[in-house]
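Next up, some structures in structure tokens.
Common to both upcoming complexes is chain A, partnered first by chain B, then by chain C.
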Partner chain A sequence: MRRAVLSVVMGVVLLAAIIGVRRATPGVDERYAPIAVSGALGEQVDTAAFQLRVDRLELGGAVRITDDYGLTGEPKSTAGIWVVVWATVAAASTSLQVQGARLRTADGSEYLASSTIGTLDKTDLSPGIPAYGPILFEIPPDRLTGAVLSVTTHSVKGLDLLGPAADVDLGLTASYATGLLQRMPPTVTVGPVRNL
Partner chain B sequence: MTWVRKAGYGLGLLVLVPVVIAARVLPWRDKYETLTGEGGRRVVAAGGRAAVLDGVEWRLKSVTEGRLADPAARPLPPRTRIAIVLTSMKPLTDQAAKKFAAGTRDCKFRVVDRAGRSWPSSFRGDLAPRNGNAGSCWTMDQDYKIVPTPAGKELTIQTVYVVPEDAFASLEVEVHLGPESRTVRLTP
Partner chain C sequence: MGPWAVVTGVAFVVATVLALAWPAGGLKEAAAEIPHRRLGETTTGHRLAIAPYRVTYATKDPAPVFGDAKAGRFLAVELEVRNVSDQTAKVGDLAFRLYLTVSPGGSTIDRIRDKTAGFVIRDGRYDRDQIQPGLSERVMIVYTVPAPLPDPTDLTVTFRDDQYVAGFSSELSEWYEGPDLAIYDLKVDR
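Our next item is the complex of A and B:
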């Protein structure tokens, strides 16, 4: 009898262990996620494929883009706000683009960079030739607090499996984000990408 | 079970396990080579000597510095130089010429420096005059049809790069030939 009880207890323990292991096992998304290096505003983040430093942040109700010839386009409006991330990027060993630039907000939503051409994420980057320029995002204003910049080399996530990534804390605390929103100009003009 | 039978099972396992692993891994290796262009067959020639791959002779003729001729041209990035690379290719036999013409029209050139950094050839047409050289591994006729290079004829290919100043002195040339992921590496 005692042996039978022990067997049942052992069985229950093993079953619980199996369930625990099954739940703790990372899923496909976690196992093959890009290998991210974390950093903060103003810090250089070194990944295997590129170096990134976020220099500053701007907000605007609309953006105007100035091209290589100094011509400024018409304002582009948005239903939310424009977040302009100014950053410096350099490729480490082979030419690439940082097309997978996303703003990950506190609720887990991800906003891919705007399709506007001429921005840093659409620029060919070569080793030893760093580039400085804007990356544009459109997000709802109430999601600014806690937003983190996530950068990979491809806009399609499936191409970045176990690839290099940079996660940059933009320092958007609730009070800082509120202040930025209060001081936000109706239009912000952004210049072209330039090589440094 | 006799020891002979046990040994038979053991030997069977010794054969079966590598066969199963090879059957699983080798198709992935092919896919990896196709996807990344890495891991395929590679020939290297140093000191200006010729490299021969599949009956085609490759030679690095020169790496020279270029200058922007047009003062109104888009300026170069700071601390960079223009590298003009002349590479030649010559099919050595008719068979090699036919195979090259049929399968390797997509050849990609890049330069690599001592540190392993690489740069693709530039699309900018204002960096250097063409001087009658081809821009890739083939030429076109007046109707924009590809003209294969016959056996024994040398085709000089000019590619142009914008590289950092510190990379210029140690540039080597790599020609990647698809779709079979073969690479020719030429050093001055």
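Our next item is the complex of A and C:
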């Protein structure tokens, strides 16, 4: 009888161990996630495929985009706020775009950059030629605090498996975010992307 | 055969049934009947919440890309859409989950082949298609009415859910088709 009880206890312990190991094992999404290099506002982040530096950010209730010919388009409104991230990017060795620009908010949501054309994430980047310009995001204003910029080379996640990525802390503390929101202009005009 | 062999056998059978049933969705009760809804009523899925607010039939393209609107037979469905997920969605993602049947005749509008446009209505323009998490947008999806069908007076739209799960074509999590959430019975305006 004692031996049988011992066997049952051992079985339960082994079952619990199996469940524990399964739960602790990273899922396929985590195992194949892009390999991110972290940085902060103003710092250069070097990945295997590109270098990125976030220079500044601003907010707006609407954006107007100035094209390469100096013509400024009509205001584009939003249901939330526009977050304009000004950054400098250079491709390392092959031409690419940084289409996978996302704003990851504190609640875990990921905001893919606006599909609006003429922004830095839609620009062809040649190796060794840095480009400076805006990346546009639309988010609800209450999700600004703690937002982090995540940049990869593709907008489709399945194409970035174990690929290069840059995660940039934008320094959006609660007080800083509140200040930005209080000073937010109704419209912000963003210039074209420039090669440096 | 001792009593422990019987206990072991029963435990094995129970464990095997659970091990097979769990990944297949567990021992859930049968799905409830799909509710019928009207204009303006909201249905919330795992990715999007929708509330259709207008359906119109037109003989000119309501959303021409360039130049004058071309003549034809168009059905425009306008909806209030909120992204309730944690990832950016597009109007095309919604259009892929709407199954349309027009009356009279009860014929199907092909949600892929017959769709001519899908966009966010903002600032009087049709140049945007993203719906960001936590934000609501007014959306229009335009379809052509196939030639043999009579002019539609009623539209039935079945809204199917999305589920973000690891799939079959890829091991990575993606948005896959879920169960039907609601059937909208809508009048077509002119």
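As a working rule, the second predicted complex is superposed on the first by the 196 of 196 C-alpha atoms of A that agree within 3 Å, B and C clash if a C-alpha of one lies under 4 Å from a C-alpha of the other, contacts with A are read in each partner's own complex, and residues count from 1 in each chain.
Everything that follows uses one rule, which is that a contact is a pair of C-beta atoms (placed from the backbone, for glycine too) under 8 Å apart; a residue touches a chain by one contact, two chains touch by 3 or more.
None of the values given here were measured: they were computed from a predicted structure.
Student: Are chain B and chain C a fit on chain A, or do they clash, once the structures share the same frame?
Tutor: Once both complexes are aligned on chain A, chain B and chain C fit side by side.
Student: Please work out whether A:Tyr176 is in contact with chain B alone, chain C alone, both, or neither, and reply first, second, both or neither.
Tutor: Touch status of A:Tyr176: no partner.
Student: Using the superposition on chain A described above, determine whether A:Ser93 touches chain B (first), chain C (second), both, or neither.
Tutor: First partner only.
Student: How wide is the angle at chain A between chain B and chain C, using CA centres, rounded to the nearest 10°?
Tutor: Apex at chain A; the opening toward chain B and chain C is 90 degrees.
Student: With the two complexes superposed on chain A, say which partner A:Arg143 touches: chain B (first), chain C (second), both, or neither.
Tutor: A:Arg143: touches chain C, not chain B.
Student: So, A:Val28: does it touch chain B (first), chain C (second), both, or neither?
Tutor: A:Val28: touches chain C, not chain B.
Student: In the overlay, answer first, second, both or neither for which of chain B and chain C A:Lys76 touches.
Tutor: It touches chain C, and chain B stays clear.
Student: Tell me which partner A:Gly128 touches in the superposition: chain B (first), chain C (second), both or neither.
Tutor: After superposing on A, A:Gly128 lies in contact with chain B but is clear of chain C.
Student: In the superposed model, does chain B or chain C contact more residues of chain A?
Tutor: Between chain B and chain C, C touches the greater number of residues in chain A.
Student: By how many Å are the closest C-alpha atoms of chain B and chain C apart after the superposition?
Tutor: 15
Student: After overlaying the two complexes on chain A, where does the chain B footprint on chain A coincide with the chain C footprint?
Tutor: none
Student: Going by the contact rule set out above, which residues of chain C touch chain A in the complex?
Tutor: 4, 86-88, 122-123, 125, 128-130, 132-137, 166, 170-174
Student: What does chain B use to touch chain A in their complex?
Tutor: 74, 77-78, 80, 115-120, 162-164, 166-167
Student: In the complex of these two chains, what residues of chain A are touching chain C?
Tutor: Chain A reaches chain C through residues 4, 27-29, 32, 74-80, 107-112, 114-116, 138-140, 143, 157-158, 161.
Student: Would you pull the chain A residues touching chain B in the complex into a rising list?
Tutor: By the definition above, chain A touches chain B via 68, 92-95, 126-129, 195-196.
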